[in-house]
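To keep things simple, chains are lettered A, B, C and D as they appear, and every chain counts its residues starting from 1.
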Amino acid sequence: MLERLREELWLLHLELPRNDLVKWTGGNVSGRDPETGYVVIKPSGVRYEALKPSDMVIMDLEGKLIEGALKPSSDTASHLYIYRQRPDVMGIVHTHSPYATAFAAVGKPIPVCLTAMADEFGGPIPVGGFALIGGEAIGKVVVDAIGTSCAVLLKQHGVFTIGASPTAAVKAAVMTEDVARTVWLAMQIGQVEVISADDVESLHHRYTHVYGQ
Amino acid sequence: MLERLREELWLLHLELPRNDLVKWTGGNVSGRDPETGYVVIKPSGVRYEALKPSDMVIMDLEGKLIEGALKPSSDTASHLYIYRQRPDVMGIVHTHSPYATAFAAVGKPIPVCLTAMADEFGGPIPVGGFALIGGEAIGKVVVDAIGTSCAVLLKQHGVFTIGASPTAAVKAAVMTEDVARTVWLAMQIGQVEVISADDVESLHHRYTHVYGQ
Amino acid sequence: MLERLREELWLLHLELPRNDLVKWTGGNVSGRDPETGYVVIKPSGVRYEALKPSDMVIMDLEGKLIEGALKPSSDTASHLYIYRQRPDVMGIVHTHSPYATAFAAVGKPIPVCLTAMADEFGGPIPVGGFALIGGEAIGKVVVDAIGTSCAVLLKQHGVFTIGASPTAAVKAAVMTEDVARTVWLAMQIGQVEVISADDVESLHHRYTHVYGQ
Amino acid sequence: MLERLREELWLLHLELPRNDLVKWTGGNVSGRDPETGYVVIKPSGVRYEALKPSDMVIMDLEGKLIEGALKPSSDTASHLYIYRQRPDVMGIVHTHSPYATAFAAVGKPIPVCLTAMADEFGGPIPVGGFALIGGEAIGKVVVDAIGTSCAVLLKQHGVFTIGASPTAAVKAAVMTEDVARTVWLAMQIGQVEVISADDVESLHHRYTHVYGQ
């Protein structure tokens, strides 16, 4: 079931290593099916190169297995928590992408100091507190800390991004690492400046209403 | 129409991700046709992997759509402004390449401290002021700040390069990031020194008159 | 003989350049056959692109050549020393991966400040003393310094990782560089904090008992 | 003529972009034919992707064109100078590889603080003075500054490596960037220490007499 979403998620998973966001089996992407409300997610501990659309695990929002021969990602409970709290979210990505995770390691948000950040995130990328892996704790931190952004850093851990589609969430994960890298580089050679709230608003509105096809 | 230029621009767009100058749909290349004066440019928000020669949008210098089913890049008005002000410019590239954008983020020019910079740019890479995206404002900053260089940094935004052909502009974008990276690395381990004006002139003259076939 | 292990090691060797852990002929992977106790190892000074399963050298634990037309890795005596001292180790990897080797260059362990480190290593990555290449000296440093970790840094040299299989040792080498990079990046923008022993234990236990299929 | 050497040099040129040592048309490799004494070198300003074995230019040691339809590299006079002064050198490589060029930019040698440096270079990588491109000036700096090393940095410019074969020179160029990167990374997190002369000698002797097949 949900063959198209399985295939879409498989292709999106391949973007993670291609964009240097994950290593070995780390990271995961999930998507919510608008009709059934079911969530499709990566199986736990499977390498990206070996992943097949048929490996994806389908769960309902309460964590009941709907279809799948493999054990789901160990972040599944947190993904489901986010989907339950945020009906607008249809895709979620988790990575340990290095530059963004460096900010997470020291518990610092990424200030909105580039037009690309205003465009994609509409503000800074916030950082949430430390939480253990395996249950809903990480999902709670994400929901509490993410605000109106589509990305949040998890203290000493990594990155979660959300979107109105799985593709949008993967794009947010790619852009999070891209801006984290540029801001990190900038911080070594000078003082970054926050863009004014008016300009951030103007750039974000254009990007979300005019940009693209 | 302009099939050859469409194909050339399509190939040049592929150099951007290959040289790690752009992520997802960011960045764009345009070229001016010497006969018609029309400008061929990337469509807005299309991923590089999905781009086809037939997707390119053809505009006249005043921004009238000549051919194309897709909406042109949101930087189109700025490209056209540059083409109108600078009849010598036949190709333009915009990227957010990370090392160069780090200099842009903190508003610092890249000093001419490497022979490769003297060769390609004939001086430092200047930095222009902050401008909002979507209209001609960025084009004005580019024209005002670029001087005799073929690259300019945009405050808190990214890079524009220009050339006597689209290929020359793409080469300038590749070299901008390459020298930005080396200078950034050098600044972490010591003090960079500017090359004397005479040596810069001598290197640049050789590179633009003797180097190559 | 040991065709399957030869093939496995050949494929695992290809992961080293793919993950940017080695350059040219540097680095090596070995595996111990559970039945015969023989060790299969990379030949000395052969490039990864040229390596074939049939090039692998088979030795017994005392260093007697069992099969192979090529000279074994110059780290062979150290690999064999580790296998003799640690019956639990079935795979060993050696790299000079850059971020981890940067910590090794200055003789600093990598503190356990990321959940990914708690997961994979169950603690910090320790650093052992300087030793010359060619004999068992490096093997002794590895055994003395590695403790309960699966990775150790060698002062002014590089990285050794061990595992219950060659694949596990390669995974440890990939994760060592990944966390070394993130921690290195974090150290440039703030103060990294060690995760509490209880949380490290909890994360490591989950990762080694629940994670994966 | 010299078909085999042309083919060898063409393949070696491809190693330069593959190892991220060059961008666009920068850098070059040459080789000396042991029988004729002729030098085969890259044509000027040709992109690596477009290079063919038949594009290589053959010169004699005094700079007379022996065979080739294209103009030779603008570093040809310097390559020839090195070959005339150093009969032991059979291959030369020039790059602007970023980490090594960062040391060159600030005029600092790379201290011998890693076993991989003792192995490959038998000491530090020295840095020579500034020289203009196009004539023999760079060749003179290389010969004066390189000493017993197989690599030298050129102030505010880049890297030259030499070898007993073109492959050895390319290997030296790859290893120069690899150790430059690791030493650069190490310098950001601590104080690098020079390895004792005895240990450097011992490691270099083993590497050049025992390592490999």
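The rule is short, and it goes like this: a contact is a pair of C-beta atoms (placed from the backbone, for glycine too) under 8 Å apart; a residue touches a chain by one contact, two chains touch by 3 or more.
Model, not experiment: these values are computed from the prediction.
K.L.:
Just grab the chain with the largest centre-to-centre distance to chain D, centres being mean Cα coordinates.
P.N.:
Max centre-to-centre separation from chain D belongs to A.
K.L.:
Since chain A and chain B are copies that touch, just let me know if over half of their interface numbering is common to both, same, or not, different.
P.N.:
Answer different: the two copies use largely distinct residue numbers here.
K.L.:
Please compute the C-alpha centroid of chain A, do the same for chain D, then give the distance between them in whole Å.
P.N.:
44
K.L.:
As a quick test, compute the distance in whole Å between the mean CA positions of chain A and chain C.
P.N.:
Inter-chain centre distance comes to 31 Å.
K.L.:
Taking each residue of chain C in turn, which ones touch at least two of the other chains?
P.N.:
In chain C, 188 touch at least two other chains.
K.L.:
Who touches whom among the chains?
P.N.:
A-B, A-C, B-D, C-D
K.L.:
In their shared complex, at which residues does chain B touch chain D?
P.N.:
Residues in contact with chain D: 19, 113-116, 119, 171, 174-175, 178, 181-183, 185-186, 188-193, 195, 199, 202-203, 206, 210-213.
K.L.:
Would you mind writing out the residues of chain A in touch with chain C in their complex?
P.N.:
The contact residues of chain A facing chain C are 23-26, 43-46, 70-71, 74, 96, 98-99, 101-103, 105-108, 130, 132-134, 156-158, 184, 187-188.
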